[in-house]
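We just call them A, B, C and D in the order they show up, numbering each chain from 1.
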Amino acid sequence: MYKIAKSNLPELYKAIAGSKELYLPLENAGQVNFGPWSEDCTPDIETLKSVKSPKDVFFPQSENLYTCQKEGKNIKIDPEKLKDQDFVVFGMKSCDVKGVEVLDKVFLADPIDTYYAARRDHGIIVAMACHEPEESCFCKVFGIDAADASSSIADVATWMIGEDLYWKPLTEKGEALTSELSGLLSSDGDENKVEEEKQAITAIINKLPYSDLSLEGWDGDHFEEKFNATNWEELYKPCLACGTCTFVCPTCQCYDIKDYNTGNGTQRYRCWDSCMYSDFTMMAHGNNRNSQMQRFRQRFMHKLVYFPTNNDGMYSCVGCGRCVEKCPASLNIVKVIKNFGGDK
Amino acid sequence: MSIENETFRPKIVAFCCNWCSYAGADLAGSSRLVYPADVKIIRVPCSCRVNPMFILRAFEKGADGVIMCGCHPGDCHYSTGNYYARRRMTLLFSMLDFIGVENGRTRVEWVSAAEGVKFSTTMNEFVEKITSLGPNVRLEDLRCRN
Amino acid sequence: MQRVGVFVCHCGSNIAATVDVKKVVEMVSLEPGVVHAEDYQYMCSEAGQARIDAAIKEKGLTGIVVCSCSPRMHEATFRKAAERAGLNPYMVEIANIREHCSWIHKDMEEATKKAVVLARAAIAKVNLNAPLQPGESLVTKRALVIGGGIAGIQTAIDIADAGYEVDIVEKTPSIGGRMSQLDKTFPTLDCSACILTPKMVEAAAHEKITIYTYSEVDKVTGFVGDFTVDIRKKARSIDMNKCTGCGVCQEKCPSKKTPSEFNRGLNTRSAIYTPFAQAIPNVPVIDRDACIKFKTGKCGICEKVCQAGAIDYEQKDEIVTQKYGAIVVATGFDVIKVDQYEEYAYSQSKDVITSLELERIMNAAGPTKGHLERLSDGKHPKEMVFIQCVGSRCSDDKGKSYCSKICCMYTAKHAMLIRDKYPDVNVTVFYIDVRTPGKNFDEFYRRAVEDYGVNYIKGQVGKVAPQPDGSLLVQGVDLIDNKQILKKADMVVLAAAIEPEKDVRRIATMLTASIDTNNFLTESHAKLRPVESPTAGVFLSGVCQGPKDIPETVAQAGAAAVKAIGLLAKDKLLTNPCTAKADELMCNGCSTCANVCPYGAITYETKEINDHGIRETRRVASVNNALCQGCGACTVACPSGAMDLQGFSNRQILAEVDAICR
Amino acid sequence: MQELVNRAKELLADGTVSRVLGWKAGDMSYNPEPAYFNSAEELENFVYDGFCGANLSKYMIEASKLEGKTLVFLKPCDTYSFNQLIKEHRVDREKAYIIGVGCKGKLSVENIKAQGIKGIESIEGAGMNDGCDTLTIKTLYGDKTCSYNDAMLERCHVCKGKEHQISDEVMLESRDTKDAERFAQVEAIEAMTPEEKFAFFQKELSKCIRCNACRNVCPACSCRKCVFDSTKYDTAQKANVTSFEEKMFHIIRAFHVAGRCTDCGECSRVCPQGIPLHLFNRKFIKDIDTFYGEFQAGEDTESRGPLTNFTFDDVEPSIVGERG
């Protein structure tokens, strides 16, 4: 167990950034989101949740795929360069780390998404325990431990305790990073303190209003029953069909592929799409889901039924609670689960 | 972008209404009244056809200045088109100013079919102004740079 | 994407001297969609057009771009050439590389570069062009003239002489209008009735002209070439087919206390009446508000004395519905109410009159049989004062901002006639400016001053005060001598401003013709289309468009007739296909577009829309192609872009922008 | 609040309305959601308190298509939106029974959290019968208080007034909440140098994730197909590849609602990134007031909007530069 005084974190950031790109929660115009470190950035690791999940470090909101350039009457195609440098994501919470696992199921399954895979190969995840979980959190429901990222795909687990940050490498990548930073990290971290912190966090988690949510019946066996339920007809009504829930979500992975005419050629890029949008998966004949009820149902059926059915029971919700906080109409997955009787 | 030390030549889009300003530009041409080749004219039926979207699009794609010319107020071929255009452009320009786009990258000038001289003078002035402001970096889409 | 052919014109050396046309051909050949590019000395020549023709046929071109002079010069030429080769004429775009390029740039490299950019923009546009078909609408060969004054009469006669049916709708019982109330006309001093009456008779007798007097336009629908109009023939209470116009009924009518409209209320008329002796038609009207029979049920004298049995108390308003190809508005004017100007004491003294009242007094058929006398005591006046610009050229809200134009001349006429007939009467005119542009007008005015000794004083009158002795004390200023003037007068004549007939606002609304802040109808273009309203098929005749004297009115009446004839001479109208078009799937039905349409071309209908299988009944915009002139105001007002302009569509213009900026 | 429920039940019972559009209590103190109620029983979940910020007038577009009348509760500021929607033929006045409800200022839980209050379990003091001066907040990390005014949405501090512009009846008392100048923020930005202005908006708009919440919640943005979603015109945008698209989106969006925006503030309320989007709209409102005379969209259902109107002597666009 390593540790570093929080007051030394700027040094740590600088040291990491000396050899790699570093992404961490930054305050910008009053909001905290993950972004690349720079000399004049303002890191904020105290705020529990970034507005957007850090999934865009691995799966950017928009990324270029390739560029077509016209040369006379011929077309030259330049594929976008894949990520080939290591980078560190510092301060991801357990739920967000689990979110990456969900994305892995999608993008690393055959056919492998090379753009995503390159980022995963080069990304080093430094997870951080949730010092003070909030009322919108319900990661426990999905078996995620906000107090300890050790059992996840993170490379390093950290805890903020008092004036120190405790640091525990989990993987080879994590060990390598730790040794690069050995000058700044002291190896005398007190395991007991970490244990105390974990217990404190777990105690809070057990008190959270959504921690008792039940997912019973959200599985492939109940697909028809859930799909045809009349609940949806009422549930979707306040939905504004905006993309807030999908864009702040750590697991939403849908994207659209578009072309941009730069005047000198065409850039083919992809960007996040939202199943809440009326033109989502629009095809020549029209739309396969032509009412907002259907689109609304799709999002939750996907997270709670289709995805676990296809992925050994793994839900594509990690209980981060961002949609709970951000939905303009105060709708969210919790209300859906409760409406189907999940709050006993 | 082109080589650094090359002098900056702005890209300028001019929207001209068919009945007055486009004809004014024709008159400037037939009177051989010189103005810089940086100005490219797009013909529209009336200044009221100019959508703010067209103007922002021009900036997005790398224009350094956009000017709209129409019939003098009161002389619109369609009676009232330029009155609407005047309000639209006033508000749009004010908004661009509000978000910090340099003043002077946009302009409206009323040019009649008889005002070839005014057309030419206006374009000379405008090109000079845009040249002094330098390249538009605040509104362009970086993808269009390469 | 089209199969585009690009044709680069040398225009002799006009283009080729500054633009490297070969280079342009080479560069545009690389553009998307371009399958053919060539240059030629004179593209507009027959040989040049033949090349376009051949290329369209051989290469199967679906769109062409001509890099040449201004589209204002030869767009039509090249469209026709394309059409002859079997291509839709709207698949042609012009890149103006002469007026906008070769003629204004000196450096060949620079001019060539610009020519290439302009060509690219045109190519980008033509790639998005769609074939457009001008619509066709049938023309009803009949014209409606609203108003039966000299303007309406002249227009009607001119149209009828060209062989088209014309209907005149006149709201009073007779045609003739304001001119029939005038005594003499300037600058020739000939008698108004003598020149007007033959015109009235000619109109009435014309086999192509139908006159609806005592009638009003109730409703107008349709558009240029195809208007449908409801005309309300108000109940005259006389069978026009039976009445012989003998006049006995008017003589015997016991109700004779109604102020005569024709004589401006200076005397009275009977309840059954014709406005004046030469009225056309010479058929009286029963004024039901004044008629004893209608008020009390008793009387019926007219019915008894009418030998022809023409009296019909049961008559009702009748609606005549008629179709027209063209409508001419000739609703004329009235003089403003002058009693609001308390300083001139119009309502306090019978001897303060308006100029139009003076016309009636001077007229032999008028209330004083043509004798100049004070209406208060019948005495012959010795001192007369004329006050100009009463209600005209006012900067405040009380009067009109404009110059009424005719007052200077008719006042000179009045002064001269009085001095001629009654040399013992002194005439003084207070004026702000004397405005006499017009043939023989200034000479006329100078005759009044120099030959007839009319006393013109530049200055305004502050007050007219009736005196106990029955005279009027006029207080004014002489701006030239810069002194106060106090003048005793026996009569004061006010040159009251003229204003459009009250009813014009209602008529303009029905016609969707615009009117200005003074209620004058707006012309389509102040200089170039002065007799056409912005609404296609509606023309303007006479003072309804702005103040005018008789010769101007008659000239404009003829011009309006020519425009109407030009329209009626066509069997079908080709409508400009570059019109707005609403995408019903996207339209919100919010009416924003209709609010900015100057032509009233956008209407809304509630209908069932099938959007990819989802059916919904909703309100959507629809554009009448016959009315739309293609300005595009609606396209920008529409936030969703549901409204687009064909030929100048959003995508086309954006493509041009992109091509220029790249 | 109970009187609202009682009245709604009456109107449902006597057949005046077929349904009720209001707010349903959420599972937290601060997250009620817009909801339809079809029966007296369903109305048991009705709530109206300081957290019912949502402007229900936009929901009336869909409700106007339903059979029978809908009882809708509109706050004073919502009624402007409703009028504007009538003007644009987007809602059917005949299909609405409007109860104008009083307003004591609407709250934002974000503002409470911004004061470092987290783990909120319950909030007291936001009810219509409360004094609305202090909120008592129970949290996982101890009990806290927060001044009501500090928790209020920006729009309530510059409230247009508590008069309902349209209603069939009015219920509940309001409280004057205006304590700031409506255009002060706009003026502060106008006073900046172009560089500062640009930096300010660049920073704010760099947060935009193009979720379209601002657009979709906006009662003026009621297009069936937004120009930014339309494939028809080559103007569709979804991504934020570079910062320009956000500027274009927000400028054009504000332009499209210029003269129609009632300044209801919903765009800023719903923005997940806390971008002060109302600044764009309010800049246009301020300019319209200055250039063309004061105009408040939604005050009536007839008048022409400033962009579908003109006078012969309107200011020229060059005024923008001349103002300095």
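One rule holds in what follows: a residue touches a chain if its C-beta (ideal position, glycine included) is under 8 Å from a C-beta of that chain, and two chains touch if they have at least 3 such contacts.
This is a predicted model, so every value here is computed, not measured.
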Neighbour overlap between chain B and chain D returns A, C
When B-C and C-D are ranked by contacting C-beta pairs, first place goes to B-C
Averaging C-alpha coordinates per chain, one finds the centres of chain B and chain C separated by a number of Å equal to 35
Distance between the CA centroids of chain C and chain D (whole Å) is 47
For the pair chain A and chain C, the C-alpha centroid-to-centroid distance in angstrom is 69
Chain A and chain D have mean C-alpha positions lying a whole-number Å distance apart equal to 30
Among chain B residues, those touching two or more other chains are 52-53, 57, 61-62, 74, 80, 84, 88, 141, 143-144
Two or more other chains are touched by the chain D residues 227, 235, 241, 307-309
Among chain A residues, those touching two or more other chains are 260, 262-264
Among line, ring, star, complete and other, the chain contact graph is complete
Note: in the complex, chain D contacts chain A through residues 26-28, 31-36, 54, 59, 118-121, 139-141, 203-204, 206-207, 209-213, 215-217, 229, 231, 236, 238-241, 269-270, 272-275
Residue set of chain D touching chain B in the complex reads 186, 189-190, 192, 194-202, 227, 235, 241-242, 244-245, 247-248, 251-252, 254-255, 258, 280, 283-284, 287-288, 291-292, 306-312, 314-321
Chain B contacts chain C in the complex at 11, 13, 18, 22-23, 25-26, 28-30, 32-35, 37, 40-46, 48-54, 57-58, 61-63, 74-75, 77-81, 84, 88, 120, 144
Per the touch rule above, chain D residues touching chain C in the complex are 65, 88-90, 222-227, 230, 232-235, 256-257, 304-305, 307-309
The chain C residues in contact with chain A across the complex are 30, 612-614, 658, 661-662
